[in-house]
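The same chain A turns up in both complexes below, where it pairs with chain B and then with chain C.
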Partner chain A sequence: MEDFSFQHRARQRAGGTRQTAIIGVVASGNLEVLVERVLPDVECQLEIKTAAVGFGEVWNAVTADFVARYSPGGLKFSINDGGARPDTVSLRLAQAVRLIEEDGQ
Partner chain B sequence: MTAPFKHAAQFPEGRASTTSFNEASARTRVALLLDAGSFVEFIGPEQREVSPHLKVFDLPEQFNDGIVVGRGRLDGAPVFVAAQEGRFMGGAFGEVHGAKLIGLLRAAREMVSIPVLILFDTGGVRLQEANAGELAIAEIMRAMMEARMAGVKVVGLIGGRSGCYGGGGLIAGCCSALAVSEPGRIAVSGPEVIETNRGVEEFDSRDRALVWRTMGGKNRRLLGAADVFTDDTIQGFRDAALELLGLVGAFDLDKLKAEQVRLADRLRSFGTCEDAVDIWTAEGVAHAESIPDLPADQFISLANKIGRTSRDAR
Partner chain C sequence: MLMSTNAETRGTTTTWRRGREARDARIEAGSRLARGKVVEARDATRLMEAVVRPGDRVCLEGDNQKQADLLSSALLAVDPAKVNGLHMVQSGVVLPEHLDLFDRGVAKRLDYAYSGPQSARIARMLFGGKIELGAVHTYLELFARYFIDLTPHVALIAAVSADREGNLYTGPNTEDTPTVVEATAFKDGVVIAQVNEIVDRVPRVDIPADRVHFIVEAEKPFFVEPLFTRDPAAITEGQILTAMLAIKGIYAPYGVQRLNHGIGFSTAAIELLLPTYGEKLGLKGKIASHFALNPHPALIPAIESGWVQQIHSFGSEVGMDEYIRARSDIYFTGPDGSLRSNRAFCQTAGLYACDMFIGSTLQIDLQGNSSTVTTSRIAGFGGAPNMGADARGRRHPSEPWLKAGGEADPQGSALLRRGRKLVVQIGETFGDKNVPLFVEKLDAITLAEKLNLELAPIMIYGDDVTHIVTEEGVANLLLCRDAVEREQAIRGVAGYTEVGRGRDRNMVERLRQRDVIRRPEDLGINPLDADRSMLAARSIKDLVHWSGGLYAPPSKFRNW
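Entry: the complex of A and B
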């Protein structure tokens, strides 16, 4: 296992009112993303625990691209990864933002 | 204490009828099985109650330890629900995973009037947590028996990818009633376990047709191990759960004795059969070999005619 932590500045606060959301399953080639609205508006944090060792540069690139595209300000992402490919990681992150941007609690 | 975790995804109306139970995640199954928006999770993922054992083996954790538990409504009436995530470590029972189900069953015992739905999807005990997992199975069976003796109905729904094996098969056997779909499999020893211990001539685990006609939903329904057979949709399982909650009666010593008689009779009738097809033939099914190919609706009408149920026992 290898752990990473990334801090990014987001352009703006993520929309919606929901406080938490979760998507995905920890399985081979898959991951779960828990997202919580717990940070100041322009901050974004990603905590990653991955079973695939040695991919820090790829995680850095994928998460930086994600923050630039979606501007998930105020959100903390906690990821348990079972060795997902970068495209699957991008998809799950996008799904997590989509879920927490719904209205509700 | 944080607020109960509400499921975030909102599904359009009618989605339950078009969603495969087998392919859905535990969370999607619960969201579509219960009345829309009614599910409230206990010990949600934000509480991060993960396994204390997996990090010792350098293995990834999941925030819900592979099981979603909570309360909701089914056709307006309150229910407790537990759903295993069969894709996380084969839905296997670890210490935390098991404790969540034990807690749910004990809550049901205290409430008495609220039934429990268990969406099984498990290969059995999580090997990395062997002793804790085995203890969890025993404690779940005790908690279920105590809940049932108090008057709680416990209905198992089996149609996940991992089937319902090992200790999961034992727990399923303790339920008030079971519903199963064709891809759902129910057994204690799995195909590979039998082959490893008894040899390939006893059971060829690579023969998928053999696995399904022996352990699959159709045979389990015809033998009376499962009371309702449903097509593989979440709506199908919702309807089956509602039907079974209406049918389950009281649980007492007479029921247990009747179950013992039913099982002894089953062994007497079919104990010498070499294959599930022999059992179906002995039950009087014409062209028994065609049963695995029957579409769900045709199979259900056949099963309702000749299939056994455990309704008077169990």
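Entry: the complex of A and C
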């Protein structure tokens, strides 16, 4: 197990009004992402617990690209990772931000 | 000069029938073991020793799917003192016996096209010097050489049934048989067929009796490998996203109607998204209607939903026979109702009459060269190098072909400009066991250096590849104007592989502004749609339901 925490500045606040969303599953090669709208509008935080060890640099790159592409301001992501590949992580993060931007609770 | 040389080698009495006489002698030797044309299975090895001569070129029918397994065992059992040094010219090296022949010294030299299940062993044997390798061909290329410089002396083929005269019924898996027999029988070679049964009257004549010299009835049906079945249950969301990118980023804008799909989960995902995602995009009738394709079970939902008009097949697929029979509007079938496949014709169709080839690979380099060869596995290429190549002899226009040609050469005169076939490599940036799809140097080149090959075994050359699709986006290489742009377009969809992370970010962003690279968000793809609920079938059982119970999956795919 390894834990990482990344803080980023986002260009703008994530859209929508939904407060939380959750997507994915904790399984081998997969991950679960909980996203909460709890931070100031220009901040973004990602907390990662991963089963795989030694991928800090890749996590840093994946999360930095994600913030640059989607500008998820005001969101905190808690990630429970079962050793997913970077492409799966990118997809789940994109899905999480899309989900919280959608209408409804 | 040529004529006098011929006369010298032929001695004082010129004869032009030496091949015919040699063939007659072989047939006479074999006939001592036969009643009519029929040889008992227990005499099959003696038949080989009677008919096959040292150094012969032998085509042991190993197709993509159908295997002449009885005859390969019979050949393996010959006395190597009598039969040795054979030159095997066969499209598929699939059974262990195919390589055991080289271990025993029965065979020496090999020219082939595909070696899927034996890929690791063939690599070891090449390194160990057990096999003299001619070349790894594409199917159509090897078939062509059967008629020029690799004509078999003996062909060992497989059919479903034969009558007493030797008329053969090859059933749905006709595959390579007509081509192999044509080249052998009409050039003084001997054709030996193993059949599952001898009957009074064959359901249809696939091979006429006068091209068949001996028949051996096998105790069990010839082996067929279900190569084209992909279980929808194993398709990942990353593959679904990649498939959506292909549909929205390539199929739709080019209006691709005539195409070939390679094997793999990415293309299976595309097939299963047509009736759902494709329908939602309003693409029915506009894309994916005419295929050169094996009968992929994953295409059943699209066929049942009215997407597909016509499919011509290289071979059949285990479990699809009854479904094909019931859908003769879609498939090519004989008067008996069953599929008529033909690899040579279907490869020709894929080369000349399809506007797109889309398939996966194992490695892509910075120029877009692609290969499935790795240092420990030489899988061969099958049909991909042929269908994944621009047909320089093509002369008929079509919308996708002209559009692609225009993108590659916008300044050229429209009336003189060649079109381009869309050659698409699709895959996830990290493959099986997290092995990166993108590399600086192909293993194929390392292998060629180690084995002193004159040519690296490249599956698809970079200058034929028009698009690369990964979960990160679509790279359109037609729009790249120089090698630097091309390299950055490839790096720009290479994800978090080392190649991807080595990109020039500013240049990739500029390429994106020119639509050379298109991301899911550029194409308006909602990442939440990358969900397994989007697949028209999520299991093999779903495919059986879609087929109205006509698809009968092999037991290894049944988990209910």
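The criterion applied here is as follows: the second predicted complex is superposed on the first by the 105 of 105 C-alpha atoms of A that agree within 3 Å, B and C clash if a C-alpha of one lies under 4 Å from a C-alpha of the other, contacts with A are read in each partner's own complex, and residues count from 1 in each chain.
Here is the rule we use: contacts are C-beta pairs under 8 Å (C-beta built on N, C-alpha and C of every residue); 3 or more make two chains touch, one makes a residue touch a chain.
None of these values were measured; they are calculated from a predicted model.
Colleague: When the two structures are laid over each other on chain A, do chain B and chain C clash or fit?
Modeller: Overlaying the two structures gives chain B and chain C room side by side.
Colleague: Mind working out whether A:S90 is in touch with chain B, chain C, both or neither, as first, second, both or neither?
Modeller: Second partner only.
Colleague: Decide which partner touches more residues of chain A, taking chain B and chain C as the two options.
Modeller: Result: the larger residue contact count on chain A belongs to B.
Colleague: Where does A:V58 make contact in the superposed view: on chain B (first), on chain C (second), on both, or on neither?
Modeller: Second partner only.
Colleague: Between chain B (first) and chain C (second), which does A:L99 come into contact with in this model arrangement: first, second, both, or neither?
Modeller: both
Colleague: Return first, second, both or neither, reflecting whether A:P40 touches chain B, chain C, both chains, or no partner chain.
Modeller: Neither partner.
Colleague: For A:R69, using the defined touch cut-off, is the partner it touches chain B, chain C, both, or neither? Pick first, second, both or neither.
Modeller: Second partner only.
Colleague: After the superposition on chain A, what angle is formed at the C-alpha centre of chain A by the C-alpha centres of chain B and chain C, rounded to the nearest 10 degrees?
Modeller: 70
Colleague: Would you check which partner chain A:M1 touches, where first means chain B only, second means chain C only, and both and neither mean what they say?
Modeller: A:M1 sits against chain B, while chain C stays out of touch.
Colleague: If you've got the overlay open, could you tell me the nearest Cα approach between chain B and chain C in whole angstrom?
Modeller: Value for chain B versus chain C, nearest C-alpha atoms: 5 Å.
Colleague: Of all the chain A residues, which ones make contact with chain B and with chain C?
Modeller: 99, 102
Colleague: In the complex of these two chains, what residues of chain A are touching chain C?
Modeller: That would be residues 58, 61-62, 69, 85-88, 90-91, 94-95, 98-99, 102 of chain A.
Colleague: Would you mind writing out the residues of chain B in touch with chain A in their complex?
Modeller: 3, 5-6, 8-10, 25, 27, 44-46, 48, 55, 58-63, 85, 87-88
Colleague: Going by the contact rule at the top, pick out the chain A residues touching chain B in the complex.
Modeller: 1, 18-22, 25-27, 30, 32, 34, 36, 49-51, 78, 80-82, 99-100, 102, 104-105
Colleague: Where on chain C is chain A touching in the complex?
Modeller: 236-238, 241, 428-430, 434, 470-472, 495-496, 501, 519-521, 526-528, 530
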